[in-house]
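Take a look at the structures listed below.
Common to both upcoming complexes is chain A, partnered first by chain B, then by chain C.
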Partner chain A sequence: MAARRRLVSALLVFLCASSVFSGAESQEATLTGGHRAAAVDDPPTDTERAEQAAEQPAVEERRWEATEVEEATPDEAAGEKQDTSAPGTAAPSSAPQPKDDFQEELVVRPLHSGDIYASFQFRTLWETDFTRENKVSHYRLFPKSLGQVISKFSVRELHISFTQGYWRTMQWGQPFLPSPPGAELWVWFQDSVTDVDGTWKELTNVLSGIFCASLNFIDSTNTVQPSASFKPLGIGNEATDHRFLRYATLPREIVCTENLTPWKKLLPCGSKAGLAVLLKSEKLFHSSFHSQAVHIRPVCEDRQCKTTSWELRQTLNVVFDLYTSGQGKREWSLFKMFSRTLTEACPLASSSKIYIDVTDNPQGEQFELSPATALLSQAVVLGDRRTFSVYDLTQQITFGSVRSLNLLIRWKSTEGDMLRPLLHAERYVAGYGLQTGEIHTLMYNNHPYRSFPVLLLDSVPWYLRLYIHTLTVTSKGKDNKPSYIHYQPSKDRLRPHLLEMLVQLPPNSVTEVTVQFERALLKWTEYTPDPNHGFYVGSSVISSLVPSIVAMDTNSTLKRPLFSSFFPCKEESSFFVRIYTEPLLVNLPTPDFSMPYNVICLTCTVVAVGYGSLYNLLTRSFQIEEPSPGLAKRIANIIRKMRGVPPL
Partner chain B sequence: MRCKSFRFPLESSAVSFATLLSSLIPDLLLQGSYGRKYGNFVVLDDIFERLCCLFSVVVSFQLADVITAVALYMAVADYNKQVFRKQKYALEADRYPLDCLELIRSPKEMYYIPLKVAMFYLLNPFTILCCVAKSTCGLNNAIIALFILTTIKGSVLLSAIFLSLATYQSIYPLTLCAPALLYLMQRQYIPVNFRRFSFWWFIAQYAFMYLGSLFVLVCLSFFLLGSWDYLPSVYGFILSVPDLTPNIGLFWYFFAEMFEHFRLFFLCVFQINVFFYTIPLSVKLKYVPPPPRSRHQPSRPHYATLPCVCVCVCVCVCVCVCVCVCVCVCVCVCVCVCVCVCVCVCVCVCVCVCVCVCVCVCVFYREHPVFLIFMQLAVISIFKSYPTVGDIALYMAFIPVWNHLHRFLRNIFLVSCVLLACSALFPVLWHLWIYAGSANSNFYYAITLLFNVAQILLVSDYFYAFLRREHHLTYGLYLKRKDGSEATLVLK
Partner chain C sequence: MLAGVCFGDEPCLLIPSRKTTIKHANVLIFFLFSQENAGQFFSSGHTNNWAVLVCTSRFWFNYRHVANTLSVYRSVKRLGIPDSHIVLMLADDMACNHRNPKPATVFSHKNMELNVYGDDVEVDYRGYEVTVENFLRVLTGRLPPSTPRAPSVINEQIHCWILPLHSYTVVSYIKCHGGNGFLKFQDSEEISNVELADAFEQMWQKRRYNELLFIIDTCQGASMYERFYSPNLMALASSQVGEDSLSHQPDLAIGVHLMDRYTFYLLEFLEDIHPASKTNMNDLFKVCPKSHCVSTPGHRTDLFLRDPGSVLVTDFFGSVRKVELTMETINLTGHIKQWEESAADGEPRKETYSYSDQLPVSEIIHQKPKQKDWHPPDGFILGLWTLILLVFFKTYGIKHLKHIF
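Right, the complex of A and B next:
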C-alpha cells in the first residue's frame, strides 16, 4: 500500500512538472514525445523505459534486464523489426509486479477489386496469472472496465465483434480476423462458474453497457453452446467442456459511432495519439465494410509457457471503396482514407508499425508507394507468404522532415488477379410463400487436389422450424455423409436450433447443404416494429483447417506481426480459417396488427354463440306456446291488477 | 427415409419422424386445415410421437382409419341392437303416446346405419386429407373409436385402458369418462344409487383401471425418456397454446392477437369450454320416465332446474378458479413459468370438480350416453386448442346414427352449406394469404370463425332435435293446447 501511494505521488509530481495548461491525457503524450525527440537514436522502447523509470523508481533491476534484452536483439530490430521490449523474458525477476505491454499495428492491403483493406490491431498484454482468483485493483494499460468484467464473471476468453457490411471473400480474399455481420459474442467461462447461464445473462448486460450495443437482447433464444466450432484460442484450449461456452449473434445489430467511441476509449492512448488518431468515425463508417472487435484471452509469454498473461486484442477492419468514390482514380493515401495523417506513435506503445502489403508489387510495376521504405517484412498469413513494407512509427525518421506520415499509393496498372481463396461459402433461402422454405449453404473448396474437412455451425431461431430429416449434404452430385452431426432441436421461445456438422469437402468442388424449414406465426408482440422487413438469421460459421501452400509458422511466441498471430497454429501444413456466410433475411407470416380488439371481440362472440346455444338448450324445457295477449289486453290486465280485479 | 442415411445423434429418433410427418402435409390444405397434431417437432419429448413411430412401422395410417371405421361399425351395430331392444320393451310396456308411432324406429331403416357410419368416416374428405397428411389425429381417432367400441360392448377394463390411452395423447378425451361410466353402469344394471355399495364399487373399479393404466403409460414414458420434462412439453403444450400456427380452430389468431397480461385469463376461459359442458349435458341427456298417458299437460319436471344450477355452479367455479389463478400469477412475478403450471392446476381442479359433480348427479339421471359421447366429441373438436379436420371427421361419422332426428333439425341446410363453403374456402384463402400475398390473415381467420359457428350450430341443432324427439316421445307428437287448437313447442 505504501509503495502504491509513493508511486502515485511520483506520478503526480511527474505530471505537474510538465505543461500546466494542456489536458491530462495530452500531457503525458507531449512529454514523452519530447523526451523521445531528444533521443532519436535510442532504441524504440526508450520512451517506455523512461516512463517506467519515472513511474517505478523503486524497481531498479527490471530496467536493467529490459535493457539487456533490448540490446540482445538489435539484429532482429533491424531485420524483422519486431517488438523489442519482450517483457516476458523478465519472468525470473523477484518482483511479481504485473507488467503491461502495448503494441499497435496497421496493415493496409490493396485489394484487386480496387478497394483498400485496412486492418488495425491493438494488443495490450497484462502479465497476471489468470487462474488465480486475485483481486486486481491496479490497472495501467489494460482497461479497468474490461478487467473488472473478467474477474467478476470469471471469464476465460471473451470475443466480441461488431460488423457493418459483409466481407466478400471471393473479391477480397480472407480477412485477418473474420467476423459476421452484426454483433457476435462468444465467451468461455472458467470451470469454477456454476451458473453459466445466469453469468452469461449478466455479462451480456454489462457488455451492452460498456459497448453501447444491444447485447442485452442476447437471451436463451439466440444463445447456443457449440460443441466443436469454437475452441478456446488462448492457452488451455485442450480442456474443452463446451458447457462453459456460450455463443450468440445479433445479425440485426447496426454498428455506428456510439459503438466506436467506447471501443476507442479502451485503448491506452485513446484516440489522441498513435494509430488511433486515424479512427475518425465519419470516414470509417463511410466504407464498404467495417468491423471492430475485442478479443480477450490468456496467452503464453514464452514458448515454455512459464508465465501467462491476459491479451486484449482490439481490432478494427475496414474496407474502403476508394475506386468509385475517387472518380475512378486508383490512388489512395492515409489522408484520403482517414482524413488524418500520422505524426507520432502512441507513446505507451512498445511497437507501432504500419504494414503495406506489397506482395503483388515486387518490382513496383503495380503501384508506387511513397514515401518509400527500405524495411521489408515477410509473414506467413492465411497460408500464404506475404511481403510487407514496414513503417515503424516509433522511429522519428519515419515521419521525415514534415513530421507527418501520409502514405500514398498510386496505381500504375489495373491487371493482376487475386489468388482465389481456397475456401469460401455462401448461403441463401430458397422457396416461395410464407409457409416453408429451404436453406441452402454452399461451401466451395477451390484447392486443386486436396480435400479437407470443415465444421459447419448453423444456429437457426426457433421460429424457423427445421425439418432435420430433409437435411442433405451433396458434393459433386453425390451424397456426402457428414462424419459428425450434432443437432440440438429448438424449443419454442426458449432456445434456437443448433446444427453442427463435420463435412469433408472434396478437392475442387462445391458442397451443398440444404435443409427445409417451416415458418411459425408469432404473437403480435413478438414481431419487430417492421415485421415485413423480415427476420434475420445469423451467419453460418465454417471453421476449417485449410491445407497451406507454404509452411506455417508454428511457434506461437509473441514476436510475430499481430495480424498473423491470432489463431494458434499447431501444424505447418495447414492453417485455420473461419468463414461467415451471409445472414439470411426470412419473411414470416404476420397477423393483422391493427385489429387485436376486433379479433378478441369476434372470437369471444363465437364462443359466446356456442355457450349461449348450449346453455339455452340445457336450461330450458319444451313447453306449449301460449299465444301472448295483445298490447291492449296486457295494459287492461295491468290496470285490472291495480284495481284488484281478476285479469281478463 | 433419407434421414436414415445419417447417424443423427438425436436424443430421439422420433423427432425426425415427427418432422417427416409434418413435412408430408401436402401443399393443398396445409397446416391451416390440418392444424398441427400436437406440436410434433416443437414438442420434442412427445412420447406419443415415439409410440406413433413404432406404430407406423407396424401399421400405416390407412390401417388406422380402417380400424376406426370397423370399430365404429361394430359399436354402432351393437348400439342399434340395444336401442331397438329398449324400444321394444317400451312398446311392450306401452310407454309411448299413441301418436308417436311415426317416431318409432324400424329395423329396416336401422339396418344400414352401421355401414353408413363406417362409410361416413372412411369417405369423408376430411378423413382422407387427414390420412394423406399422415396426421397423428388418425391414430387418436382410432383409439377413441376403440374406446367407444369397448364401452358399448361393455368391456370395462378395455374401455378404461383405451380411455386412458386417448387421455394420454391429448387431455380432452378425459370428458368422455362420464358417458362411459353412465353407459357401463346402465349396461350392467348397476343401480345408480348413492347408498348402494355396488355403485361405489363400480366407480372405484373403473377409476382404478383408468388411473392405473394412465399411470402405467406415464411411467413407461418416464422410463423411456428418463425425465419428467415431457409432461410440460406435451400437456403444457396443449393447455398453454404456445404454437400459433394457423389451423381451423379458434385459438391461434385469438392468442396471436392477445394482450399479454390477459393471456392467462383467456387461456383458462377457452380451455374450460371443453370441460364444463360435460356435467350439464350428462344431466340433461337423461331418461325421463313417461308420465301416465292421461296427463296431456305435464307438470314441469321438478329436476328441470338442475341443469341450470349445474351450469351456474360450473361457470362460477371456473370463473373463480380463473380469477384466483390470474390473481396468483399477477402476484407472483414469474408469469411465464407459472402459466403452464397454473393452467394445468386450474384445469385439473375444474376437471376434478366436474367429474365429482358429474358422478354425483348422474346417480339420478342416466340415459343416452352415446348421444352424450357424440356431443362431447363435437365440443372437443370445436374447443380444443389445436383442432384438426380429423376430429371433425370423427364426430361427423356419428351423424347417420341420428338420422331419426332429421325431421326436427331446424337449419341443417344453412349449416351444411356454410360447412361446405368454408371447407372450400379454407385452401383458397390460405393460398391467397401465404402464397399469393393478396390477402392477409384476417381472410383466413374469418373463415375459421364461420366454420366454427357452423359447427356450433350443427351440434346445437342436433341437441335440440334430440331433446325435442324425447319430449315428443313422452308427451305425444301432436300437441294440443288447452282449447284444443294445435300447439307449437317452444323452449322456455
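Right, the complex of A and C next:
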C-alpha cells in the first residue's frame, strides 16, 4: 500500500515537473530524496559512482570507461586529445579509450486484451569509419562479422528483420518497430558501388550465413528498387539516389531457434548477462508474435552532427498471448514471460533499463506493478506522450535484498479501452477460380478531421500478372487520384511488379485500392515441393506521416529512450510510421504431382494411343478425296461468292 | 558457425557462416600430412571430423525424421565436433511448426524427456534449400562462387543421414523415405544409389575425405550402399533390401511418432560414448539387433582398409581440437595506437550531416519520371506507313485490286 501511495505522489510531483518543462521530450522525475534521486541522472554523479564502486568493483571499472567517453563526446576536440595523450588512464585490457557504447533496454506494454508486449532494444554505437581505406581491424563491442560485411560490401545502411506472426494493429496498437511476416531485407549501398545487383546478391548470401536463414532465395525475382519508399534512416549529406537501394521480402521464411542463436551472439554480453538472459527460445516462440531485427545505420556522433558513428540496433519484439502462455490469468511477471528473472545488467552496458508503460494506469487502477519504482519517465513515442515506470538495472538497489528482479503486473480491472490507431491497413485476395483474381488493399484513416498522405508500396511476384489498367483507388465512394504513381511491370522469371502510389487519405475514411491479376502457369520444375500450400505474396508497405497528438521532438541528437528514437522526425505536427499488411497466400493452378495420378495419366495415354488408334483403323472407312484448292483461291472464292460472281 | 572465408587479396575474414566450406580444411590436411604421417602427428586420430546430417522429409507427420537427425546432431556436438564442422539439413521446420504444441523444441523420447533441438542449434540448410542438387554440391564442394558454402549432408524423406566427417574420415548418416536403390528428397525428387556412389567417388578423387562412415536409416537402406566403390568407405543401414524401417516412441501429446527404431537405439548407444571411450565399430554394428529393430540392420566394410574392430567410434563421431599454449607475450597495443592515430589524422569534415526526410511528399510528386528507352516519334512511324502505301498504290494502282478478287 505504501508503495502505491508513493507511486501516486511520484506521479503528482512528476506532473508538476512536466508542466514546467512543457517543450521537453523525455524527462525523468523522482520524488524521494537521498541518493535515489541522484541515481536518476544520467550520467551518474561522483558520489554515486563511489557507492557503486564499493558494491561491485569489477563492473564499476568498466562503467568508468563508458562514462568517460560519454562526457568527452560533447566536445569532440577535447575528447580527441584525451584519447591520444592519456592512454594510460584506460584499462590495459581494452583499446585506448574505446569510443563505443552499448545500451540495452526492455519496454513492456500491457495490452488491453490481456496480452503483453515486450520489446527489447540493444544499441551499440561505434565512432569509426568502415569506409576508409585501411580496414578496421580492432573490434570491441561491435560484432566483427557485421563490421566486415559493412566494409566489404560498402553498405551505407542495412535493415533486416525476421518475424513470425502478424502484428494486429487494431488490437495491439502500433509497434515500436514495424516488420512484415517472414524475412525483410533492405539495404542502401554507398555511392562507390558500381555493380549494385552483384553486391546485393553476394550480401544476401553472406547474411544468410550469418543469420542461418534462407536469404539466399533473394534474387532478381523478388528484389525491387523502390523509387520513393524506404528513404535512408541514417544521416547523410548527399541526395539519395534510389539506384543504391534494394528491397526484398521472403514472406514464407521460418523463424526459429536457429535464427535467434546467431542474433544473440552479436550482443556484447551474448545471452550470458543483462537483459539478454531473458531470451529463451522455448518461451519466445511460444507467443502470438515474434520479431527480431538488426538495423545498421550511420548516426550523429554529437550535437553538431559533423562526424558519424555507426549504430547497430538489435531489436526483438514479442507478444505473449493471454491464453496460450498466460493460462488465462491476467497476471504477468518476468518469470512467467521468459522463465527467468534478472540479476544484473550487462557489465559492458552504459545503460540498462526496463520501462513499463503505465500511461493508462496513472492511479494504479488498471493494474498493479511490483516491486514499485519511484522512477518515472516520459517520452513522446508514436505521436503520443507516454509515461513509463523505469527500473535501472545498473543500480544494485533495483534488485532488492533477494538480488533478483521479477517484475509482476497484476490486473485489477478489465475495463478501459485502447486509443484506436489512426492508421491501419488490411489486404485480401478476392475472386474465385484459378484463372483471375483481384487484390484489395484497404487503408483506414481513423483521424476525425485531418487527412494525411500515405505512400503504398506493393511488390507482386511475376506469376501474378497484374492488369494495371484495372487499378482503382476509391475513398468514400469517390475516385481518389494518386498524386504519384510509379509502376514497373514484371518480366517473367526475372523481376516482380513494383507499384508505388502516393495517396491522400481523407479524414475518417477507408481507401480501397484494387487491381486485378491473372495467375500464370509455372513450369513443372518451378513448383515448390508442397505446391498445394499456395504461394506467398509479400506484405504491402504503407509509409505515412500521421498527425501527432502532441508535439514531436525534432532534435534527433538529444538523449532519449531507445524505443522512441528510431525514426528521425522532421516536423513537430506529424510523425512517421510504417505499417505492413498481411501477406497473401494465393493458389496457382497446380498439376497433380502425386504418384497415383501420374500412373493413371500414363495408363490412360497408353490406352488412348494404343487401343484408340487400332479402333480407329478398324472402324474408319477410307475414300479418295479431291485435292482441295489453295488458300488464296479459297479466300478469293468466298469474296466472289459474296459479290455474286461465279467462283474461279 | 565460424568459418574462415577469404575474399580475394584481402586478409582472411572471419565470417560466421552456416555454410562453411569443408574443402579448405580437408585440402589443408591432405596436403600437409600425407596419410602415413598423419597417424604420428595425431595419434588420437580424430582431429578434423566433419558431419553431414540430412533429413529429407517434409511435412509434420515426418516429425520423427527430424528428431532422428537432431539426435545425432546432439551426439556429435557433445562428442566435440563444432557447429562449423556440422552441416545440418532439415527439410521442414518441425520445431516452430504451428502444429507443435511446444514450439522451439523437438523431442526424441516419450513424455517430452529429451529436447534434441536445444537452445543453440544452427541449421545450415532448411526447408526448400534441401535438394538433391544442394546435397551433392555440398558433398563434392562444387558450390557456385558467393554462395554460402556448406559441407555435406544428405537426408531423405523417411531417413536422414548423419555424416560425421573425419580428418581422414567422413561419416554420413541419412534418414529417409527410400525405396530399392533410391532416396526421396522432399517428396518431389530423389537420388539414386548410383548417383550417391559417384558423388563419394568424386569426393575421394578430390581428396575430400580420408575415411567416410555412411549411415542411412530408411526403408531398404542397404540398397543405398550397394553401389559404392570408393575406398575407405564404411556404410551402415537400418534395413535390408525388401525390409521397412520402423518407427518407435509414439507420443500422444505431440500426436506423431518421435523416433525411428534404428536411430533410437543408435542414440541410446551414442549417449554412453564419451570422448575417451574405447568402443569400436564392431559395437556400433550390433547396436540394434533384429529383436529391437524388427528390420535387419546391415553394414558394409569391404571397402574399408582398417579392421573395424580397431576403429574407435569416436574416430568418426568425435573431434579433438589440438591447442598449443605459448608463454610468449605479444604486445598488440603499440600497433593499435598507431592505427588510431592514423585514423584521427583525417581532415575534419566541414559540412553537417542531417537525417533525410522519410516521406518528402512534394519531392516525390515532382520527381522526374524515369527516362524511357528511345522510341521513334509516332508521327515518323505514321509517315513511314503512308509512304509505303503510297508507293504500293502508285506502282499497281487501285484498279488492279479487282483482278485479284
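Going forward, the second predicted complex is superposed on the first by the 482 of 648 C-alpha atoms of A that agree within 3 Å, B and C clash if a C-alpha of one lies under 4 Å from a C-alpha of the other, contacts with A are read in each partner's own complex, and residues count from 1 in each chain.
Convention: a residue touches a chain if its C-beta (ideal position, glycine included) is under 8 Å from a C-beta of that chain, and two chains touch if they have at least 3 such contacts.
Bear in mind that the values here come from a model prediction, so they are computed numbers and not experimental data.
**Student:** Per the contact definition in the header, classify A:437: touching chain B only (first), chain C only (second), both, or neither.
**Tutor:** Touch status of A:437: no partner.
**Student:** Quick one: classify A:607 as touching chain B (first), chain C (second), both or neither.
**Tutor:** First partner only, chain B.
**Student:** Is A:491 touching the first partner chain B, the second partner chain C, both, or neither of them?
**Tutor:** A:491: touches chain B, not chain C.
**Student:** Is A:455 touching the first partner chain B, the second partner chain C, both, or neither of them?
**Tutor:** second
**Student:** For the overlaid complexes, name the partner, chain B or chain C, with more touching residues on chain A.
**Tutor:** Result: the larger residue contact count on chain A belongs to C.
**Student:** Check whether A:516 is in contact with chain B, with chain C, with both or with neither, and answer first, second, both or neither.
**Tutor:** In the superposition, A:516 touches chain B alone.
**Student:** Going by the contact rule at the top, pick out the chain C residues touching chain A in the complex.
**Tutor:** These residues of chain C touch chain A: 7, 10-11, 13-19, 58-59, 91, 93, 95-96, 102-105, 117-124, 126-129, 146-148, 186-188, 333, 336-337, 339-344, 346, 348-361, 364-365, 367, 370, 404-405.
**Student:** Give the list of chain A residues in touch with chain B in this complex.
**Tutor:** 432-436, 465-472, 479, 481-482, 485-487, 489-493, 516, 518, 520-525, 589-592, 595-596, 599-600, 602-603, 606-607, 609-611, 613-626
**Student:** Could you list, by residue number, the parts of chain B that touch chain A in their complex?
**Tutor:** 1-3, 5-10, 15-17, 19-20, 22-23, 27, 30-31, 41-42, 44, 233, 242-246, 250, 252-260, 266, 269-270, 273, 277, 280-281, 283-284, 297, 300-301, 304, 307-308, 311, 382-383, 433-435, 437, 440-442, 445, 449, 452-453, 456-457, 459-460, 463-464, 467-468, 471, 479, 481, 487-492
**Student:** Which stretch or stretches of chain A touch chain C in the complex?
**Tutor:** Interface residues on the chain A side: 80, 83-84, 87, 95-96, 128-129, 132, 134-135, 137-138, 144-145, 148-149, 152, 164, 201-202, 205-206, 208-210, 212, 214, 216-217, 227-228, 231-237, 240, 254-258, 261-262, 265, 280-282, 284-286, 298, 300, 304-308, 453, 455, 483-484, 502, 528-530, 543-545, 556, 567-568, 570, 576, 593, 636, 639-640, 643.
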